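In what comes next, subunit A is part of two complexes: it sits with subunit B in the first one and with subunit C in the second one.
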Partner chain A sequence: MSAAPGAVVPRRRSGAQQSPWWALLFVGPTALGLAVFYLWPTVRTLYLSFTEAGMFGGYTWVGLDNYAALLADPELLTALRNTFVYTVIVLVGIPVAVVVATLLNTPGLRGRGVYRVLYFLPVVTMPAAIALVWRMLYNGDYGVLNQALGAVGISGRSWLTDPATALVAVAVVAIWAGLGTSIVIFLAGLQGIPASVMEAAKLDGAGPVRTFRSVTVPLLSPSIFFVSVVGIIGALQVFDLVYMMVGRNNPALPDTKTVVYLFYEAGFLDNHRGSAAAIAFVLLVIILGLTVLQFRLQKRWVHYE
Partner chain B sequence: MSEALREALTDTASARPAATAATRPATRTAPRTAPAATTPRRRQPWVVHALLAAGAVVMVFPFAWQLLTAFKTFQASVQVPPSILPDPWVFTNFGEVFASMPFGSMFLNSVLLTVLRTAGQVVLCTMAGYAFARLSFPGRNVIFVAFLSVLMVPTQLYLLPQYEIVQALGWLDSLPGLVMPGIFSAFGTFLMRQFFMSLPAELEEAARLDGANPWQAFSRVMVPLARPGIVALTVFTVLWSWNDLLWPLVVTTSPEKMPLSVGLAQMVGLHGTDFPVLMAGALLATLPMLVTFMVLQRQFIQGIAFTGSKG
Partner chain C sequence: MRHSAPRRYAAAVLALAPALALTACAGDDGTAAADGPVTLTYGIWDKNQEPAMRQIADAFTETHPDVTVEIELTPFADYWTKLRTAVSGGTGPDVFWMNGPNIQAYASNGALEPLADLDTSGYPQGLVDLYTVDGTVYGAPKDFDTIGVWYNKDLFDAAGVEYPADDWTWDDYVETAERLTDPDKGVWGSAAALNDQQNYYDTIAQAGAEVISSDGTTTGYGTPEALTGLEFWTDQIAAGLSPTQEQMTDTSPETLFTSGKVAMYWSGSWSAVAYDSNEAVAESVDVAPLPAGPEGNQSVIHGVGNVVNAGGEHKDVAAQFAAFASSEEAATIQAEAGAVIPAYTGTQQAWVDAMPQYHLDVFIDALETAVPYPASRNTSAWTSVQDEVLTQVWSGNLEPAEGNAQLGEQVQAALDAEQE
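On to the complex of A and B.
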């Protein structure tokens, strides 16, 4: 590239002239890595979902058998139900995070940074460790939660081994653990709302609650939309917390087993790789379906400026 | 958005509340209409403080209880009603953690896993992201769409074949097996591309006109400018690597090869409901990240908000 002084160089031409070898240098390693470890595996999983793993390695083609067996399997239906219930409960964290972020955004509030750090602590904590701590708090015999409830005359239960409460108990921990991330994202969104808008609402006689409902939430809706899309995708893939909080011998396991737990069991504990692959594809279809649905529905409630 | 974001994020605990308040009155239009209704700005909203403090207690209590339990005897931990402070304070729980599993190796594995994955991702994703944002080459859009499709697929879809590949390479139960798939990231590439797209082209064009080749323009001009994006990617990858459970659980089988997350899962099997020992283990496993967060809190929070706004 020889640019003679004074030569007229069109502004938009940047980068248009270098040799493609440069691009290969920049993109090549990542492209190769993603192709080997991510793209090809996706195709391979699709293939596996039509096969059955033999006793001594090797796979036999079984067509749609895995899918047929799965759809008729009550365990998958239970896992789907558990996953959906869990996801719906986890979504409760979004309004909580919006409220906390709004409170944190109060003009002139002192100690905002301290609060933000405290709410953020679980985000930097290993889920495996979080699960251990909450196992202790939830313990039926001497967990501090039941002791506190007992002090006010409520008799608790063994939250994590009772099929009626185990899933909810895990979801509550997920809300607690994820709050910090959502708050930080909402706080960034709130700071983008011009102060003049808030002042105008105030001058029109709107109280804090009315302002929150009619001004803050609609203006924050793009952030809320983002957090709920990412949150639903994450919740549908929950594994860590269930694996760590609900043990293999826990009587509540059937009522807390999620889709990914089932996948892990089939693929890595029971050597039913074909059926594990089919579970992964069922999950993909659900995730894509729900994500597309959310993008469709966003026109009804998300306000972009 | 990014301007507001920056403002939101640079505003830390000590960042002069007076200054924020001082910028507000400029935009206020008619304060004279209702003088009685305008409360003085400087007074702290105590109701807000009460609500936030109550929430903060819920956030912090599990950590506090974990810390205290790690120093209790087993008897004290199951006492009804519970004693808040350990009596007596014991340090043997930490010894038991080290005695029951190779905690030192697990710690080292977690550190290596995190450092190698993060270094790999930062270098590779920054390069690839730059190329997608700034270079034109044949097939760019097709390759980019392929990258995006990886983003949309849940992890479980490539887990089985990844396992097969790592197995075929003889990397099961080894550090390369733990690290390898995680150094490539479609998300990181997308994040860095978005960041490079938002940078002005002028500086780079000037460098190119001065005869710099794409590598020089990238490493000397663009990388220094991309620091906020790189920080965000680093934070995201560090947290994800340190905390990752499913992949390490699948590829490691011997305790000396496991990272801390899997070690904690093992501990449940070993110690059941011996909560003081479990809490000591959990404390040791999370402390490094908590301390790092305390030191670099601004970068952490900024990084997560950044990935949240771009991702």
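On to the complex of A and C.
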């Protein structure tokens, strides 16, 4: 998460000279970690998705059965729809974070440290605590949100159990909780914009809005690209907030069930670990596809100075 | 799949067991393992019972100085998910609590060590049967629980309603709930909670149906009797006598009860110790027998058992601890702590006497007509369907008759799949 935008996309790909042998020592530890904790589990998951697991270990080869059953299951479509809707809503957090970061970067802003701490606080708070507190805020009968709305004459609703609002309610919490991370990355990006460019814009008579639109955003586009790639990957994998804020026996669960929640149900509640592995792999392919697509499309809007 | 790897390991371990037993016998009192101190882990899910379990563990250490027992508490909501993963991965606790819905799945898959040496004569036969799979005893009955109607005396007094009589009926219950419901004060007479064991399993039995037949092959869902048992609850929500399913999702019905918003709440004997230690309700609640439906006032009976992990390192000591944790001595510790009704015959009165302000004999009397907790070989396969369909019925998105019919088909299909 702490990587600077420039680290993700190498500026030039021309460095074809041989790396010395000892370069391997530097990448070794990371490569080992990746292999043990990411590559090997991915290979195993792919293998397990072609099997059906026994109750306490052991498995039998079933070929493509899990995938056939999964694609025929209407729940997968619903879960995909819920996940995409959720992801789109969460992406609203990116423009918000750009604006907030620009404001926080205003020269001579008083109490800048305080604001930065406030925006970053949710990032270092445990997701379980966030979910618990927001459940209370959203409570239909006793929640602060409805009491505030009631004070101005609006009658609220039970936000997390109403199928019409539950998914949005969860996504709003995700935006709030993730804002701090995006802001930090945008602040780093903003500080990389040369002051001379800003001054030139000013001399040319650009106001703050015009400068933001025509100078800040284009020069910030590598950071925006990074945040959107990471954000989409994270949003497509959402589980914890749905699990803790919606939960079982909630009438709105069918309308908030995400792909990873489906995976959880299959793997941990119904004990169909083979099907669960198939779900995980389908999601991996979708995420991979979307990420490749984003890297293709970046040429049209991302400016590297 | 049936000849899975752990099964083969289990067989290998069993073959080694006599050798292990030999080394174990070398211990000075013939009980502790030979090689120095042993640490057992004991998996439980109820925080209210943790102090009593700690006492039992300490009592075991007194007679087995080499053995220390660590208690591993996992809240019930995550207990089975975590346990299944841990047992599969070989890191499960040595001894752990088992329940009716899960015993058959664990025992028939070789995850549990048979308790060959357990003397079962001290326990009610129904509980021994619950933990016997294919003729082998796998669990030492620890406790049992039945259901009663917990009620808030203050709310009854404020509404001028007399406390429930022992022989009350469904009609009396609904009438009492009507008189207690006061929308202006935000008080509901009843809570039609979507709880299986505490609510609809009981009323389905009282209406004359079986959720699952005792041999685990057919379901009673789909019958008119089951529908009557479900509608007892959904009618209360429709009439405004209970909070809605949405409200009970936002705020748990038990929280509504203990904060004086709900006057009557169906719950088990296990609630006694929780209410007793909750200052807000300790003196203001009491318990009554379940009201009688068309076929009586049956309560579901269920009991926890202590079982031994077949993949554990110290299975001999673990088996001794499991037996001890279900023994008369441990039962008495449990009874005096008031945690739960101990299963060991003759120790129940101490539990009733532990909290004299409540009519706890209600739970012991319920034994007479109690019906077994519905379970089968793969219980979670049909309970997940049941939860999903009934959530929609409770929230009013699905007519009870339609939901009951769907359950009749889908639960039966799940049971048929178990027989294949």
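Here, the second predicted complex is superposed on the first by the 262 of 305 C-alpha atoms of A that agree within 3 Å, B and C clash if a C-alpha of one lies under 4 Å from a C-alpha of the other, contacts with A are read in each partner's own complex, and residues count from 1 in each chain.
Assume a contact is a pair of C-beta atoms (placed from the backbone, for glycine too) under 8 Å apart; a residue touches a chain by one contact, two chains touch by 3 or more.
It should be emphasised that the depicted structure is a prediction, and the values quoted were computed from it without experimental measurement.
Novice: Touching A:G111 in the superposition: subunit B (first), subunit C (second), both, neither?
Specialist: first
Novice: In the overlaid three-chain picture, which partner chain does A:P41 touch, first (subunit B) or second (subunit C), both, or neither?
Specialist: Only subunit B is touched by A:P41; subunit C is not.
Novice: Is A:D141 contacted by the first partner subunit B, the second partner subunit C, both or neither?
Specialist: both
Novice: Of the two partners subunit B and subunit C, indicate the one touching more residues belonging to subunit A.
Specialist: B
Novice: First (subunit B), second (subunit C), both or neither: which does A:P194 touch?
Specialist: A:P194: touches subunit B, not subunit C.
Novice: Name the contact category of A:L25: first (subunit B only), second (subunit C only), both, or neither.
Specialist: first
Novice: Taking the superposition on A as described, I'd like to know which of subunit B and subunit C A:S158 touches: first, second, both or neither.
Specialist: Touch partner of A:S158: subunit C, not subunit B.
Novice: Considering only touches as defined above, state whether A:F268 meets subunit B (first), subunit C (second), both or neither.
Specialist: both
Novice: Counting only touches as set out at the top, which of subunit B and subunit C does A:P251 meet: first, second, both, neither?
Specialist: A:P251 contacts subunit C only, not subunit B.
Novice: Could you tell me which stretches of subunit A are touched by subunit B in one complex and by subunit C in the other?
Specialist: 135, 139, 141-142, 247, 268
Novice: Of all residues in subunit B, which touch subunit A in the complex?
Specialist: Those in contact with subunit A are residues 1, 4-5, 7-9, 11-15, 17, 20-21, 24, 27-30, 33, 41-42, 44-45, 48-49, 51-52, 55-56, 58-60, 62-63, 65-66, 69, 77-82, 124-125, 127-128, 130-132, 134-138, 140, 143, 146-147, 149-150, 152-165, 180-181, 183-186, 189, 201, 204-205, 208-209, 211, 213-215, 218, 239, 242-243, 245-246, 249-250, 260-262, 264-265, 267-268, 273, 275, 278-279, 281-283, 285-286, 289-290, 292-294, 297, 300-301, 304-305, 308-309, 311.
Novice: What residues of subunit A sit close enough to touch subunit C in their complex?
Specialist: These residues of subunit A touch subunit C: 52, 54-60, 135, 138-143, 158, 160-162, 247-251, 253, 265, 268-271.
Novice: Provide the residue numbers of subunit C that touch subunit A in the complex, in ascending order.
Specialist: Those in contact with subunit A are residues 1-7, 81, 84-85, 87-88, 105-106, 109-111, 186, 194, 245-247, 249-251, 380-381, 384, 387, 391-392, 394-395, 397.
Novice: Quick check on the complex: what are the subunit A residues that touch subunit B?
Specialist: Contacts found on subunit A: 1, 3, 9, 11, 14-16, 18, 20, 22-27, 29-31, 33-42, 44-45, 48, 100, 103-104, 106-130, 132-137, 139, 141-142, 144, 147, 151, 176, 179-181, 184-185, 187-188, 190-192, 194-196, 199-200, 203, 226-227, 230, 233, 236-237, 239-240, 243-244, 247, 260, 263-264, 267-268, 273, 276-277, 279-281, 283-284, 287-288, 291.
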